[in-house]
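Take a look at the structures below.
Both of the next two complexes hold subunit A, though its partner changes from subunit B to subunit C.
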Partner chain A sequence: MRFGVVTFPGSNCEQDVVHAVNHLGFDAGHIWHGDTDLSGYDAIVLPGGFSYGDYIRCGAVARFSPVMSEIVRYAEAGRPVIGICNGFQILTEAHMLPGALLRNRGLKFICKTVHLRAEESACRWLDVPAGTVLRVPINHNEGNYICDDETLARMRENGQIVLRYCEPDGTLAEGGGAPNGALDDIAGICNERGNVFGLMPHPERATDPMSGGTDGAHFFTAIARRVAEVAS
Partner chain B sequence: MARFEIYVTYRKGIFDPPGATAERALQNLGYAEVEQVKIGKYIQLEVADGTPEARVREMCDRLLANPVIEDYRIETAGEA
Partner chain C sequence: MTLETLSPELAPTLAVELGLKLDEYEKIVDILGRVPSLTELYMYSLMWSEHCSYKHSRKALRMFPTQGDHVLQGPGENAGVIDVGDGWAVAFKMESHNHPSAIEPYQGAATGVGGIIRDIFTMGARPVASLDSLRFGTLDTPRQRYLFEGAVAGIGGYGNCLGVPTVGGEVYFEEAYEGNCLINAMALGLMRKENLTRAVAAGPGNLVLLIGSTTGRDGIGGASTLASQEFDEKAEDKRPSVQVGDPFEEKLLIEACLELLDAKLLVALGDLGAAGLTSSASEMASRGGVGLDIDVTKVPQREDAMMPFEIMVSESQERMLAVVTPENLAASQAVCKKWGLLSTVIGTVTDTGRFVVREGETVVADMPAATLAHDAPVYDPAMERPAYLAEVQAFDPMTLEHPHTREALSATLLELLASPNICSRHWIWEQYDHQVMLNTVVLPGGDAAVLRIGDTGRGEMSERGIAVSADCNGRYCYLDPYTGAQIAFVEAARNVACTGGRPAAITDCLNFGNPEKPEVFWTFHQSVKGLADACTAFGVPVVSGNVSFYNESFGQAIYPTPTVGLVGVLDYVDDHCTMEFKAEGDAIVLLGRTRNELGGSEYLKVHHGMVAGRPPKVDLVDERLLTELVVTAIRTGIVRSAHDCAEGGLAVALAECCIAGGIGATVDAEGTLPAVAELFSESQGRIVVTVAPEHLGALKQLAATHGTPCTRIGTVGGDRLRIGTAADVSLTEMRDAYLPTLERLVHSDETLQSEELTDR
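Up next is the complex of A and B:
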């Protein structure tokens, strides 16, 4: 199992992702944004950071990187593509996922560990039962997810809402509990097919007990397990 | 050289956190008449003479604005 982690100019979490997946016993390699060869990778991760300085809009420039057209093809083949934080923003800008991520409602950069509830979803890259509460850190300024009502209804119907910000016991806060103001407390979504997954929290930062928890491991182990299933 | 001026603003119904903050701040400063503040982006674009507006529109749709959340208005500013 080999993860390919893309580095855009301004990415800053690529090494964290490589470290996390290595720590979990999987292989990983770096992919430069100018590369166009994705052969040899079983899953692609777009990591967090500030690609192109977040100029114009977060992810707006990175989506035109040469590697992105290959990633679109890779995703169309049904293979795993995960966008974490800035990677999620890039996937929305590339229209590989619906909606957009706006500035946090309180205008503050938020860096803290949050509780997430796994929803009943089409996402193929999370191997916990619906309702499971996971503790994973967030670290962003633009995580305020938004989409129009029609898109939200369609996402609910298709099971595209994967993770929602919740209370420690898994209940949703009255009047919305997303620290960033995200619509419907949305923290992570997938495409209709369930193979493109974007999330604001950083699972790679929750894979070692020394860093405060291991709930983030589920995301990477689920991909590895599914990839192995397909291969066998 | 021709110049276009582009104004990018959030679409109706999209919450604008910096605008809402400025709105509250102005009200707190005593400007009770303030009803709404919207904060957007202003872009000056210099292009070769004869560039049609449709071309500029395409640039907006692809990169300068995100049609999912933003509207834009293009004004011709004449010679640069």
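Up next is the complex of A and C:
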């Protein structure tokens, strides 16, 4: 199992993802944004950071990097693509996922550990039962997810809402509990097919008990297991 | 006659306008043997400014111990470097960006972070953490809230983008900083020992390569007219002297420079900070004993018609200066190009020892390079003990009426927990990425930040860790600068020790008023002496630092604020300790002894509105033994939690342990002192630890061998903090007082705030 982690100019979590994946016993390699060869990778991760300084809009420049057209093809083949934080923003800018991520409601950057509830979804890269509560850090200035009503209805119908911000006991806070103001408390979504997954929280920051806990491991082990299943 | 030539009549007038004194101007004429050109005059005025030359502080700083077996690089370089074992080295430094931040808080603080981070990777280290020591006036005016909110946003905006975690720091709100806030930024970097790089130009014939941003008119005279003068009503006019940061460019610079150093492509690397190209180039040349020949027309410019002097002193951010051999030029430029960075040859290294600046064919400056960096005059400023000291020190807090009932003392405890100088800082650090790089083991909010040592993602990990804390209580320094500076040191040492770190070395940022005033200079001299004595007693050297003078507005100086950034080493990071109470039934132990010391306390300020008395006494021998005791107790696994007693005294320390652990405690007040002193005295040399009951004997034994008083004062458990008959508060009451204060104060006037944000 080999993860390919893309580095855009301004990415800053690519080393963390590689470290987390290695720590969990999988292989990983770096992909420079200017390269277009994705052969040899079983899953692609677009990591967090500030690609191109987040100038213009988060992810708006990175979507034009040479590697992105290959990633679109890779996703069209049904293979795993995960976007974490800035990676999620890039996936929405590239129209690989619906909706957009606006500035946090309080106009402040937020770095803290939050509770997430796994929803009943089409996402193939998370293998905990629906309703499971996970503790994973968030770290962003633009995580306020938004889409139009029609898209939201379609996403619900297709099971595209993967993760929602919740209370420690798994209930949703009345009137919305997302720290960033996200619509419907949405923290992570997937495409209809379930193979492109974007999330604002940083699972790589929760793979080691010494720094951040272990709930983030599920995201990487699930991909590895599914990839192994497909291969066998 | 060209624009560059100055007449003997005009030159001295201009020199004075640029911040030089007349005798300093005469010295320049002596060195050159003629009237300086316009460019030369500008270059000298910057390099000989207080900010760049340390002309008032240099002699006093010689008191600092700077040696040690583990010191790889002491003061004098871009950052100090220490050996932390297993082949790893840590580079660190703290620096002020006070004046720019007082004018434009977001950009001032942001570029403060950018500047200190460049100092770190210049040494060949990957920046792995930053901390910030901040001072503002009290938050009851819109201006102070604007400065505070803007500075925090700027630190986050820059550091978060770089992917360097902001892991700690400190903040105080005091009237004394109303007209002159303090923004001290500290950064740490990690490297393999063999990768240590110095900014020493060498090899005549080698090329001078400018990497990064284009050069504009921003920040011209930042070090001289802004950083080396007091504020007055014209401060707002100095806004153009504040630089504007581009963290994305800096992130690219970090990656490109570390790649260049890894590939051994560079002879030398230096960053462009205060005084821009002039400072970077002249320091690099003088360290190497060589000359430089630079053509300003080669420097990529972002504005039209820039004069040579403007190019030479511009403080445009995110630029680095490298020396490369002609053979390595192509490979070096290829790395820069990969990262989308400009890199331009702007000159050559010569064997003349002279710093020559050309504009095409025309020579506009030609001077001995070393005279810029080293020949600034060194002053011996007059000193005089300030008159106010006798009066404030004579005050005896016990002459006041103090609360003595349980109700009144409990209410006072809650009042202290809600004080802006004590309350939770989560509103600040939740705006900072404090986790990126996955090495932050103890998050902000603890006594000290603890980082795992290792190059995450590159597979090189170590069992070791470092602990780091920045501390200074300016109020103590105002009341007694010698003792106050020592308290800054011992508090930082206790904080680091409480996490299991052995104090190894410090950096400092010495913030004072106008050194040309004898009373201000006396406080500076006393502080340096106090800090030097503390370092010597602990065997902990000063490896880097910064002096910031002229922190005055309208003639009123700030409190003397010698901030200490202390780095400690943990042999096994797994053994680290945190402050929160862990388990029901654990014994609470006070190491050290409480005395009746309410002078300069937060209690006195919050409850009586007074800053007076003598600060708590410091016994350096006891303090050193205490830190050694705690580090040993943590390493041997005896203690479950450890927390320093500081502002607010024992009662606040206990409350913080309860809030962090979500559990209460029952404590017996010791008894011999008045209740208010038992609770709120700020005696130094005290740490609260908890141990499982079966380990109490072992701790007592260990404490006895260190000669440290060790008293069981209570037991962890329940959901209230009960301190004898003196105080009784619930966890909820403590949380409600402690957690929301900063957010509440910042948002106390939303309307005004949004107006100000629009202004910006």
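Quick note on the criterion: the second predicted complex is superposed on the first by the 232 of 232 C-alpha atoms of A that agree within 3 Å, B and C clash if a C-alpha of one lies under 4 Å from a C-alpha of the other, contacts with A are read in each partner's own complex, and residues count from 1 in each chain.
The criterion applied here is as follows: a contact is a pair of C-beta atoms (placed from the backbone, for glycine too) under 8 Å apart; a residue touches a chain by one contact, two chains touch by 3 or more.
Only a predicted model underlies this, so the values are computations on that prediction, with no experimental measurement involved.
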{"item": "Partner chain in contact with A:53 - subunit B first, subunit C second, else both or neither", "value": "second"}
{"item": "Which superposed partner A:93 touches (first subunit B, second subunit C, both, neither)", "value": "first"}
{"item": "First, second, both or neither for A:14, with subunit B first and subunit C second", "value": "second"}
{"item": "Subunit B versus subunit C as contact partner of A:104, first or second or both or neither", "value": "first"}
{"item": "Touching partner for A:42 - first (subunit B), second (subunit C), both, neither", "value": "neither"}
{"item": "Subunit B versus subunit C as contact partner of A:215, first or second or both or neither", "value": "neither"}
{"item": "First, second, both or neither for A:119, with subunit B first and subunit C second", "value": "neither"}
{"item": "Partner touching more residues of subunit A, whether subunit B or subunit C", "value": "C"}
{"item": "Subunit A contact footprint on subunit B (complex, rising order)", "value": "13-15, 17-18, 21, 63-64, 66, 68-69"}
{"item": "Interfacial residue positions of subunit C with respect to subunit A in the complex", "value": "153, 156-157, 160-163, 246-249, 251-252, 339-340, 429-441, 452, 456-459, 573-574"}
{"item": "Residues of subunit A that touch subunit B when the two form their complex", "value": "56-57, 60-61, 64, 92-93, 98-100, 102-107, 144, 146-148, 181"}
{"item": "Residues of subunit A that touch subunit C when the two form their complex", "value": "9-10, 12-20, 22, 49-50, 52-55, 108-112, 137, 139, 141, 202, 204-205, 208, 210-212"}
